[in-house]
Structures are given as structure tokens and as C-alpha cells.
Amino acid sequence: MTVRVGLLGATGAVGQRLIQLLDPHPEFEIAALTASEESAGKSYREAAKWRVEAPIPEAVAQMEVGATTPEDVPDDVSLIFSSLPSSVGAEVEPDFCEAGYVVSSNSSNGRMDPDVPLTIPEVNPEHVDLIEVQRDERGWDGALLKNPNCSTITMVPPLEALDRAFGLTDVRVSTLQAVSGAGYSGVSSMEIIDNAIPHIGGEEQKMETESRKLLGEFDGAEVRLHDMDVAASCNRIPTLDGHLENVWADTAEDVTADAAADAMDEVTGVDLSSSPEHLIKVFEEPDRPQPRLDRNTEGGMGVAVGGFRETTDGVQFNCLAHNTMRGAAGASILNGELLLQNGYL
Amino acid sequence: MTVRVGLLGATGAVGQRLIQLLDPHPEFEIAALTASEESAGKSYREAAKWRVEAPIPEAVAQMEVGATTPEDVPDDVSLIFSSLPSSVGAEVEPDFCEAGYVVSSNSSNGRMDPDVPLTIPEVNPEHVDLIEVQRDERGWDGALLKNPNCSTITMVPPLEALDRAFGLTDVRVSTLQAVSGAGYSGVSSMEIIDNAIPHIGGEEQKMETESRKLLGEFDGAEVRLHDMDVAASCNRIPTLDGHLENVWADTAEDVTADAAADAMDEVTGVDLSSSPEHLIKVFEEPDRPQPRLDRNTEGGMGVAVGGFRETTDGVQFNCLAHNTMRGAAGASILNGELLLQNGYL
Amino acid sequence: MTVRVGLLGATGAVGQRLIQLLDPHPEFEIAALTASEESAGKSYREAAKWRVEAPIPEAVAQMEVGATTPEDVPDDVSLIFSSLPSSVGAEVEPDFCEAGYVVSSNSSNGRMDPDVPLTIPEVNPEHVDLIEVQRDERGWDGALLKNPNCSTITMVPPLEALDRAFGLTDVRVSTLQAVSGAGYSGVSSMEIIDNAIPHIGGEEQKMETESRKLLGEFDGAEVRLHDMDVAASCNRIPTLDGHLENVWADTAEDVTADAAADAMDEVTGVDLSSSPEHLIKVFEEPDRPQPRLDRNTEGGMGVAVGGFRETTDGVQFNCLAHNTMRGAAGASILNGELLLQNGYL
Amino acid sequence: MTVRVGLLGATGAVGQRLIQLLDPHPEFEIAALTASEESAGKSYREAAKWRVEAPIPEAVAQMEVGATTPEDVPDDVSLIFSSLPSSVGAEVEPDFCEAGYVVSSNSSNGRMDPDVPLTIPEVNPEHVDLIEVQRDERGWDGALLKNPNCSTITMVPPLEALDRAFGLTDVRVSTLQAVSGAGYSGVSSMEIIDNAIPHIGGEEQKMETESRKLLGEFDGAEVRLHDMDVAASCNRIPTLDGHLENVWADTAEDVTADAAADAMDEVTGVDLSSSPEHLIKVFEEPDRPQPRLDRNTEGGMGVAVGGFRETTDGVQFNCLAHNTMRGAAGASILNGELLLQNGYL
């Protein structure tokens, strides 16, 4: 029995990755695609400037794109994947939830709302039940679940491994982010060729707050943020895909470089279709992971780490994940699988 | 009265920048060029694969390149600029010092030797007198002075301003370094297009130790390293020139973002030909400095900073300098001017 | 006596180059800046996302940006530089001409109109007098003069040298064009990193027709297109500035590689402020000219050539020019100087 | 029954692709790897700086690398793939042929020798029998077969389709070649970031001569070169993989853009394991093929074409192939399959 799903914002960069990943998905079947006004009514082939290396799945290419309203989505769709710009997401996602749809959203709006679960299934699957609180408060038949920002997702699985083993107190993180993170026309070539941009609007704050919610504790009523101190510095560089991050993690207990690597190496995936067997790949070579060579680790759903060095107060290391796979489209799909597993669909 | 100077390793990337900067220099005049065996005997035009945007100064183009031994350098040369690979520098620089030449060196060998001054004239000019100790110990008529690594030079002037005003305790720095820092054939295009490399051999250690020597105290006999804790993470990215760095500086006294920026903005140059009037340019735009737009600040001899944010224990900011100008060739020339001003030539 | 000039579309990539070049100009003084509706009323500093390496000239930064209508331009302005999108240019340029302004336009609209002169002052300055025909026909007090497309400008000076000496019959040209040719947001980084795009809409046709008009004969009444056969293939590649072109020129008379190079080497500039002394720089090295190394030849106003080889029917060579200097902003300014020299201002 | 094969120059860029392609090959089994002196004796994992995205096949990683002499290759190896630098190839390939090995070589030495077959199995498979002539003349038990240069391979299949249908008279081709074509350290990042290089030593000549041999006629005794006139202009650009080419083909008979595309679209592969079903993929979008999007057409073994336009004397179009797959490693393997099919192994 497959679940029929709809995609809001289906023509964008994340929307295209969603289609690529959902096409062969064992449990989900694409049944509705929406986009902006000017695309509504066109076939997906006409509406999207398809830029994934593989061709558009033929069935999807011929589907008609609808407007982004609950009325344009068939009733037998039960799960919605949303990758809308955050301002649009803030406006329309509640409409879908009210209309009874369960929404797994990649949009940044509302991620820190107290009654909105923010989950990485391998890290904090139990947070999904915050939906009960949400339904109580908002009176929705549907539900809204968020995945974190791509740069947050990259560092949190390794941080969680450290936190569990050694207790995190302070985190400093510097990112080298790929241009695809900003969408197709997000970064102009004149801005980025032979250049780097040491700031991404709002991104530092997202990493600093979302990471504390993900590693926070859910007591059935609310999520208490982890009390670690996180400071981020975000840079855009001329890479296509794959966010690379330099992390300094100060820990409550003593940690060696080897112990940190071992703690990460042990992390397995969870029992969901899109979760990899080995969540974190540990490199011994000090110059790995690298975006182009390692972004497709575990089909783009793994996190690669390396460069472990002890510091006075903890350990430093590098981590990398594919920002539109593990960091966006794949993250939303994993959350959809979590919703299914937990009976929300 | 101009000082006649010689260049060791004159055909490399830094050697070419030295020639570009020395050609119009008011006090120095190029009188000797050396390179490896196979170049010796050729004209500079033949020996060098010139890659600076401006053409080779005609007089230099016609000079004959000599071997890298004191015998091949005329006696009336009193100052030597060395930009040799460190293994070669370790071997031949002492020969030149013994033969009575004063060497301003960009090579990394010996920078942390207790009797070798490591200076940025705007930061620790008084360290130059460590030469007296050096001459006592080594019995040299000449002398050996070093400038720091390009990535160290970029962050130390802003750090010195913070240290003077607020006292530094901990520094975390993540670098986004240009390919020219590795020399002409240092980084292959297949390694770096659509990629980043999260490790540069030896570079992290250089930043961690050199910075503490530069900010250390010289009491006439030795330099006591600054006791701040420094941890670096070095990345190569696809930019041509200009090292960008994300810094977290923890301070002994409270600091605000504005106070940190003000402390840097006040820093002036020193009374040397190649020192800029304004050493540190403070940007208010959060997405500056950027390598391509800002590497030529103050003719490539300034340091650009921006992105100030308060953290729990101090302040974070970004800094940028041109790695082959302020960070290498210009650094050596400034040190040459310091040697001249202090009577060592 | 300086001529007061106005800039239409002053915030774009070409507009910014115009400001950079006009700021120190001996004969022209910026007196008006216009842009789109949402910029009107702002200071230029606020309105423009300035991306030229040098800072905005202070006087310009403080000027108020007006709307793009003759009413918003002071009467004492006599020369207008237009770098508007062609659809906008087609609409508003005639208004300015009718209102008495002389317009030197970089916009592509109307370039092939029989009564619009299309000039490169070093190539076909006499075509400027087509303005007399234009005024007769259109009843304008003002006038409209066009410069060609950047990719056309790059090849036409060398082609003109060949045509004069050997007679051109067929031209095949393949271009490697920089992203700045499409404006700031013209080429997204996701489209062009690790990629090339083998087509630029309309560009092939522009090169094929404009070149024949530029080398055509003006008999006082009309310009007869040169009867050579031109076929172009245009590619976008990941370079910032500088269009490189591979040309095959078949000639009526026999030509050797050396004779072709000599014919180009002899070409001088003309007696206008922005025309370089030496218009065409001939490289002997077969791997030059290269965009990054040679785009600033003669301050960005020269054309660099190299790679001459004889073919069965003529000669092949490469040429390069800075697309926003010689190819756009500088081209319009040169045409403004031509208008001044010929008494049209 | 699998054929045991040896790889000469196994650690280079093409050698690595050969291993990637041979690992799952149905007929060939890697039995020997050779490299330069300093690698001999090491495991392949140690000897190679592996840079293919997929990991080294484990069995290959553990193989010991031998020296590049017939003595270091086991007797039961019957087919040798050579991707040596041409100077080394010229020296050692004859030794292997003399020792009885059949060599399928990607090295450029000897490609135009009258008794050395140069083949693309889908284009001129019958040339393989030139081996009979070769054995007669050279007295070898083994044999030497060459594949063409990567830039030649890209254009010849589409040209062959045109020649068969319309007869080729003149060809002009301009290339935009990826950096991997020069090997791992062939193009330094400082040379190519924000740049293009309009010349590749020897490449123009290879395209001009090899294409005429490939389309030439073999009468059992010799190959008569096709009498078309070919002129090439070769450029290196900042792409990783995939050579893009702009071609002007003049034809004896009239040709339309559609007819040219149809002639190419009909071309099928041949009955060899590595030959794709559809050799040439025709794009209708004028801005395709593009290197990053289309280099993996048919698993990297197809040729993609597009951009058809009629010219006065024929047609112009663009073509693209993966330079280290179809253009090098895959080409050699295909030739190995041709040798097997024709009884030379």
C-alpha cells in the first residue's frame, strides 16, 4: 500500500530532488505537484527548468502542475512535502494542515515554534509526538513537521554522537556552503566565481538555534533546548553541492581524537527506507571529506567526517553532507517515513 | 641612496610578486636574481613563467638568473629576499647569513627558532632586535629575519588590536585560502574545481604557533610566547588570491561587536614605505570582506575585516588579506624596510 | 568645457563600468543617473549593488537616481549613455532623441535599422554621419548612435585589418564568453560552475549581421552591408570578464600567418580620449591571449590577438577584448567622443 | 571465458577510469597493473592517488603494481591497455607487441603510422585488419591498435554520419576542453580559474589528421586518408570532464539542419559490450549539450549533439563526449572488445 503524496513548490531545486528521490520510493507515490501562479495549468515538463542530471521521470513530466492551495490537491493525498520559500510556507502550510494534510516541510518558517516538531529521524525521532501537543493547541486534523536547515543537518548527527558520549558545552562552526543551497538563481555567477561570501542571511541563527532544539529533550509536553553554546559563521563558496563544515566541539568530559571518531563511527541508521545503514562515514585521511569526492556518501544520505584533532577543551573535526539530498529533499522524505512509521498518516 | 637587493627563488609565484613590488620601490633596487640549477644562466624572461597581470619590468626581464649560492650574488648587495621552498631555505639561508648578507625571508623554515625574529612591522617591530641575540649565538655578520605564514599574517593585526584592548584568551580560526598560496603548480585544477580541501599540511600548526610568537613579549633576550590558546582549521577553496578567515576571539575583558570594530579601525600603519596609512579596513556590510572584491585593499597591503558579532566569551569576525602581497612578498619587503630603519643594512 | 552627460540604466553592470570610466574622463561629466521605478528617488549608493573593484566615486554615490524619462534629466545634459535592456531601450530611447538628446547606446535594439549608425570609431567613424539621414527621416533634434554587441566588437577590429589588406570572403567564429556579458544576475552559478553553455540567445545573429554593417560602405545615404559570409557559434564559460574568440577568416587574396599578424599590429587608435595608442596587441606565444591575463590590455580598451595559423583558404587566429570595457561601457564612451568630435553635441 | 588484461600506466587519470570500467566488465579481468619505477612494488592503493568518485575495487586495491616491462606482466595476460605518456608509450609498447601481447593503446604515439590501425568500433571497425599488414612488416606476434585523441573521438561519430549521407568537404572545429584531459596535474588551478587557454600543444594537429584517418578507406593494404580539409582550434576551459565542440561541416550535397540531425539520430552502436545502443543523442534544445549535464550520456559512452543550423555551405552543430570515458578509457576498452570479436586475442 503506497501513500499518495503532494509536492508544494515542485519546480524549485529542492522540488526537483524530491521528485528524483520519490520516483523509485517504495512507500510514496507522487500524486500532486504545485507551484506558483504562472506555472499552474502547465505540464511539469513545461513548468520546470529541470536541472537534475537524470531525466525527468516520464509520469511526472506529464503531470499537470496545480496552484499551491489545498483545493488543488486531490483528497486521497495524505502527505505533503513542502519546499516553499519561507514567506510562502508561513502563509499556506497552515491551510494544508487545517484541511487535514500532514505536511513534512523543508521551509524555514516556524521551525522554532514550540509546538512544531523539528526532527532528524536518526537523531531525535521521539520529537515527532510533539504533533499531539500541536493538534491540541491548533485544532488541526493534519500536522506540521519540519526538518532543519541544510547546514544544521550536516553537523548535528556527529554532534549528537559526541553529546551522548562526552556531553557538549560549546560549539563553534564555520561553514563552506555550496551554491545549490540558495536555489537555482540564488547565487549569481558574478558574485561567486573566484570569490567567497562570508555571510548567509539568517543561516548563522538557524544553526545556532535549530541544533539546540534537535539535541533538546522532549518530555511529552515541550522540547527543552540543549544548553550548549553554539556560534556559527557561514560562508558561500564556488561549489555546486555539498556543505563542508569545520567544527570545534568543547565537551564536559575528556575526549581524544580517536574516541570522538569512534563515537561517530558507531552511529547506525534507523529502520526507515531512506536512512543509510551507516549514518556517519569516518575518514582517516586528514584532507577528507571533500565536497566533490564525498557528497554522495551513502547515496547522498550519509554524513562524512574527518580531520579529528584534540583541542584544549574538546575536539575539532570536519563534516560534510549533500545539502539538497541529506540536507533538504532527503531530510523531508525521511521525516515523511517517520510520520508513516508513527501512525500519523 | 638605494639599497641593492637580491632575490632567492625569483621565478616562483612570490618571487614574481616581489619583482612587481620592488620595481617601483623608493629604497630598494633589484641587483641579483637566483633560482634553481636549470634556470641559472638564463635571462629572467626565459627562466620565469611570468604570470603577474602587469608585464615583467624590462630591466628585470633581461637580468641573468644566478644559482642560489652566496658566490653568485654581487658583494654590493646587502639585503636578500628569500622565497625558497622551506627545505631549500633551511639549507642555503644560513650560508647567506654567514657570508654577511641580511636575509628577509618568507620561507617557513626556522620561523619558531628562539633566536630568529618573526615580525610584522605594524605589530611587533621591536622583535627585530632579536638579531643581536642571533648574531651572538651564531657568530653571523649577516642576519635572518622571517615574516609569518600568509594565513597567520591575515589574522594577527586584528587580533593584536583586540589583545591590546581586551586581552585574548582563546582563538578559533577557520580559513578559506586561495590557490596561489600553494605556488603555481601547488593545487591542480582537478583537485579544486567544484571542491574545497579541509586541510593544508602544516598550515594549522603555523597559525597556532606563529601567532603566539608575534603577540609575544621580547625582553631583550628572548620572546615569550603569548599564552592564548589558538586552534586553526585550514581550507583550500577555488579562489585565486586572498585568504578569508572566520575568527572567534575570546577575551579577558568584556567586548562588544562595536568596540571590537573600533579597536581595529584605529590601527594605523607605521612609517615605512610599504605600510598603508590605514592598516585595517572595517566593513559594516555583513557580507564583506570578500576575496575578489577586497583583496586589493590598500594596494594589497591592508587587512579587511567585517562581520562582527558578540559571542558568550568574546567576539567573532572575518578578516581578509592578499596572500601573496600582504601575506608574502609585501611582508618580506616591509621587513626589509624595518631592517633598514633599524640600522641592520 | 566639459559635456554634461546622463546615464540610462545606471545601476546595472555596464552602468557601473560607465561610471568608473567617466569619473576621470577629461570631457564628460556625470550629471544624471536613471534606473527603474523602484530605484528612482534613492541615492545611487542605495540603489546600486556596486560590484566594481574600485569604490563608487563619492560624488556619484550621493547623486539621486531619477526615473528613465526625458523629464527626469536636466536640460543642460546633452549626451545620454544608454545601457538599458533592449526592450526598454526600444521604448524610451526614441523619447530622448525626440526631446533633443543625443544618445550613445549600448542596447541592442535598433542596431540594424538602416538609419541608425553602428560604429566603432577606429573602424568606421564615417558612419556617424548617417545621423543626417536619421534626422531627416525621423524629424529628431537629437540622435541615436549604437555600438555593437560585445562579442562583435572583439573580432571586428582584427577582421577590418584583414579585410583592408586581403579582402574577407568567409568568417567562422566560435566564442568563449564571460558571465559579465549577461549582467549581474544573467548567469546563475548553478548553471555555469564546471560547465559551458553552447548557445546565447540572439548572440550568433548579432555577430553575423553587425559585423557586416560595421565593415559595410556608407555612401552618404545608406550603409551597404559587407558581402562576406559570417557564421558564429557562441558559448558561455565560467570566466568573469573578457570574451575570447576563435576565428577562421577566408580571404580573397593569399595571406600568411605572419602577414595577417603584421596587418593587425599596424592598426593604431584614433584621436579620441578613450582610444588606445595601439589598438591591437599581437601575441607571439601560441597560448595567448587569455581572458584573465590579457583582458586589461590597454586599460581594457585594446584587442589582443594571437595563435595565427594559415589555413587552406585564409588564416585562423584568436582574439580577446574586455567585454564590459571595450565591449560595452568603453565602446559607448568612445562613440560619445566621436559624436563630440563630429559636432553632434 | 574471461580474457586476462594488463594495464600500463595504471595510476594515472585514464588508468583509474580503466579500472572503474573494467571492474564489472563481462569479458575482461584485470590481472596486471604497471606504473613508473617509484610505484613498482607498492599495492595499488598505496601507489595511486585515487580520484574517481566511486571507491577502488577492493581486489584491485590490493594488487601489487609492477614495472612497465613485459617481464613484469604474467604470461596468461593476453590484452594490454596502455595509457602511458606518449614518449614512454613510444618506447615500451613495441616491446610488449614483440613479446606477443596485443596492445589497445590510448597513448598518442604512432597513431598516424601507416601500419597502425586507429579505430572507433562504431566508425571504422574494418581498419582493425591493418594488423595483418603490421604483423607482416614488423614481425610481431602481438599487435598494436590505437584509439584516437579524446577531442577527435568527440566529433568523428557525428561527422561520419554526415559524411555518409552528404559527403564532407571542409570541417572547422573549435573545442572547449575539460581539465581532466591533461591528467591530474596537467592544468594548474592558477592557470585556469576565471580563465581559458586558447591552445593545447599538438591537439589541433591530432584532430586534423586523426579524423581523416578514421574516415579514410582501408583497402586491405593501406588506409587512404579522407580528403576533407580539417582545421581545429583547441581551448582549455574550467570544466572537470566533458569536451564540448563547435563544428562547421561543409558538405558536397545540400544539407538542412533537420536532415543533419536525422542522419546522426539514426546511428546505432555495434555489437560490443561497451557500445551504447544509441551512439548519438540529439538534443532539440539549442543550449544543449552542456558538459556537466550531458557528459554521462549513455553511461559516458555516448556522444551528445545539438545546436544545428544551416550555413551557406553545409551545417554547424555542437557535440560533446566524456573525455576520459568515451574519449579515452572507454575507447580503449571498446577497441579491446573489437580485437576479441575479430579473433586477435
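What to note about this one:
In this document, chain identifiers A, B, C and D correspond to the written order of the chains, with residue numbering beginning at 1 in each.
Methods note: contacts are C-beta pairs under 8 Å (C-beta built on N, C-alpha and C of every residue); 3 or more make two chains touch, one makes a residue touch a chain.
No experiment lies behind these values; they were computed from the predicted model shown.
For subunit B, the chain whose average C-alpha position is most distant is D. By number of C-beta pairs in contact, A-B leads over the other of B-D and A-B. Centroid to centroid, with C-alpha atoms defining each point, subunit B and subunit D lie 47 Å apart.
Annotation: 42 Å between the Cα-based centres of subunit A and subunit B. Touching two or more other chains at once are residues 51, 193-194, 238-240, 292-293 of subunit A.
Considering their complex, residues 170, 172, 174, 176, 193-199, 204, 229, 231, 233, 235, 237-240, 244, 246, 248, 286-293, 306-307, 309, 311-312, 316, 318 of subunit B touch subunit A. Interface of subunit C with subunit A (complex): residues 13, 51, 179-180, 184-194, 238-240. Within the complex formed with subunit C, the residues of subunit B that make contact are 51, 53, 193-194, 292-293, 296.
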